[in-house]
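Report on the following structure.
Order as written gives the chain letters A, B, C and D; numbering starts at 1 within each chain.
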Amino acid sequence: MLYNAIAGRNRARLEALSDGLFAFAMTLLVLDLRVPSAFGVRTDGDLLHALAHLVPRFVPYLLSFMTLSIFWIGQQTQLNGLTRTDRNLTWLHLAFLLPVTLVPFSTSLLAEFLDSRVALGIYWLNLFLLGATLYAGWRYARHADLVKAELDEATRDSFDRRIIIAQSLYAVGATLALVSTYLAIAAIILIQLNYVFAPRIRWLYRL
Amino acid sequence: MLYNAIAGRNRARLEALSDGLFAFAMTLLVLDLRVPSAFGVRTDGDLLHALAHLVPRFVPYLLSFMTLSIFWIGQQTQLNGLTRTDRNLTWLHLAFLLPVTLVPFSTSLLAEFLDSRVALGIYWLNLFLLGATLYAGWRYARHADLVKAELDEATRDSFDRRIIIAQSLYAVGATLALVSTYLAIAAIILIQLNYVFAPRIRWLYRL
Amino acid sequence: MLYNAIAGRNRARLEALSDGLFAFAMTLLVLDLRVPSAFGVRTDGDLLHALAHLVPRFVPYLLSFMTLSIFWIGQQTQLNGLTRTDRNLTWLHLAFLLPVTLVPFSTSLLAEFLDSRVALGIYWLNLFLLGATLYAGWRYARHADLVKAELDEATRDSFDRRIIIAQSLYAVGATLALVSTYLAIAAIILIQLNYVFAPRIRWLYRL
Amino acid sequence: MLYNAIAGRNRARLEALSDGLFAFAMTLLVLDLRVPSAFGVRTDGDLLHALAHLVPRFVPYLLSFMTLSIFWIGQQTQLNGLTRTDRNLTWLHLAFLLPVTLVPFSTSLLAEFLDSRVALGIYWLNLFLLGATLYAGWRYARHADLVKAELDEATRDSFDRRIIIAQSLYAVGATLALVSTYLAIAAIILIQLNYVFAPRIRWLYRL
């Protein structure tokens, strides 16, 4: 297995592939905001009316831009913490990039069916796959001794906890869809905003 | 908050993500130039006629290519001026990338409704969000002491002024839409050309 | 021929172009998963029913994501093994990138016509072109003495064998379409999974 | 003008933006190869028949992939020959990237109207803009003393000649459309193949 001992060890290229993929997925989200056709739109009032129909699509768009940003930072932080990559880690990160490419699809589905539990369930599944593959990458890196020595056990554990807490919160948020999908979407947005702004609710991170 | 102390500090990846996103947004603009269908086009005269209808779409396309180029250089210059990035700065730049992904949408809207003040207003709002987020990034970098020591106060102030003057000009340009949207578009194009060619109207930069 | 002696020797840019192209091809695959229109979908049951029609499209999508990942790692490993690139090698890798851009097309064709031998034949042809151009790059690199000294002859030969064995397996897999295209697709998926998980069937690599 | 003295001097980012843009334009070409709809295609014979209609689209696709590859290598070679970039050179290369984004459009137009002199003229104009902006970049770099000292005058001149000869050949090739557009396309393809394979017609490069 000489090939496999050498293959897939270039971290710079894994990062470049990831950055390209995230950049593309983030821009694809916007393709869902279809410009109203000039046909039947005569006045500025008509145009405002047509644009008003796009507003509900903006919410999943913003949510998914935040989601992709959060997981992009998460992957970056994980890779920054490693001394090197190996073939297995590269494959785990390729597995992580798969649900990244699915985000435009699940976002579009949610935008089209804001009040459907099925659409919300698929969106949650996408969030879960992002977290699960990133977690698998980190667990493997710890197991295979790829983590930088400067990160002590407490810090390493904090990486684990970070993903587990986030995924628990997503799961709770998604469960609110049993009451109302709008409530569940609002909860997931609040969770994401929390990760963006990292407010001072310190006890949560001390768990 | 161990995770947040480590997260999002990789400038190379922020740059790579940004370059991918700008490259994609610039190329997406062109998707708006739909090739006429062969159906109903029999002679070269017919084709010229069909292409003539695309000409008004070329103007917003060129305008937005210039806009994205100007802000790409603006972001590059800001990041070049920093010793390092941190998590907050990364998030401010992600907030800057959000309106970048919106440029193909607002350009397409303007191309479809060249004489609509609503479309022009949304295009201006996009320009404003680009400037506001880039300005926030710079103000934060100064505040958090991320700027290279070799940039003295006068240079740092010139970065601030640059954005504020450009945004003031855009706002004045957009206001011309009260007279005519074509006039407003022409004004914004002239402002962008000024930034591309940086002519010798030195007094403007001495303000 | 001064120009040609200097041209195309930048490995970093070849890698960046490749990463961008792979990232884009991987994300394009997902565009084939069209979100069902809200029109005619009223209940969650309707939506599940509509999504069930998308399931057969998921199989070629996953297959092609694996395929692109395998060839991305293959190209990365080849380039990692070289001391430098030259103009000819760059052109051979550009020839390799051509079938990479075709993967979304042949995947989409296979997804649309899962039971067609023509669609499967074109998909196999795409796999063959990926392997043949990557092989040509490697043979040329050995011939032109671009390979790192630290890779001994046995290792170099293992790179050759790797591609030849994979291509032989693809050809056998594709031939199964004479019995059933589903059988052929299953065989190719199993071959790809073997390369992803690199199981302990060691005798195969000792050939 | 403090800002302009600092702005746009990062060559790595110009290269990254260019690679992303080229990668995207190359992959967009393939979107023109629309997969036939399953509707009305029942047998493999039907599918072969439907695919046969796509063959004429393959020719412009391959031509443009070669074109983009040639100009990508051309830009890479120019940037490799420079010690540094400055703001003006960056803008000239952004002007070069504009016609790069237009290649998918002019390719699509040519594929749709293979026998139209207007479509061929626009394709030629695109080639001309690519060459003219790349030439302007090189002339400016020589003028502003950005070229590496190791490139002597003869080598620098060979860069000039390279573009001028290629553009002269394109112009002659395009003129053949007065006889037949197919002849003109064949001529341009032959010119591109010459640049890809750089055959031993040495006298041409000695001009």
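The working rule: a contact is a pair of C-beta atoms (placed from the backbone, for glycine too) under 8 Å apart; a residue touches a chain by one contact, two chains touch by 3 or more.
Here the structure is a predicted model, which means the values were calculated and not measured.
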Reference chain A; chain at largest CA-centroid distance: D
Copies chain B and chain A - interface residue numbers shared by over half, same or different: different
Whole-Å gap between the CA centroids of chain C and chain D: 26
Euclidean distance of C-alpha centroids - chain A vs chain D, Å: 36
Residues of chain D whose C-beta touches two or more other chains: 16, 19-20, 23-24
Chain B partner contacts - residues on chain C that touch it in the complex: 20, 23
Of chain D, residues touching chain C in the complex: 15-16, 19-20, 22-24, 26-27, 29-31, 33, 35-38, 41, 44, 47-48, 51, 62, 65, 69, 72-74, 76-77, 80-81, 151, 154-155, 158-159, 162, 196, 198, 202, 205
For the chain C and chain D complex, residues of the former touching the latter: 1-4, 6-10, 12-13, 16-21, 23-25, 28, 87, 90-91, 94, 97-98, 101-102, 104-105, 108-109, 112-113, 116-119, 122
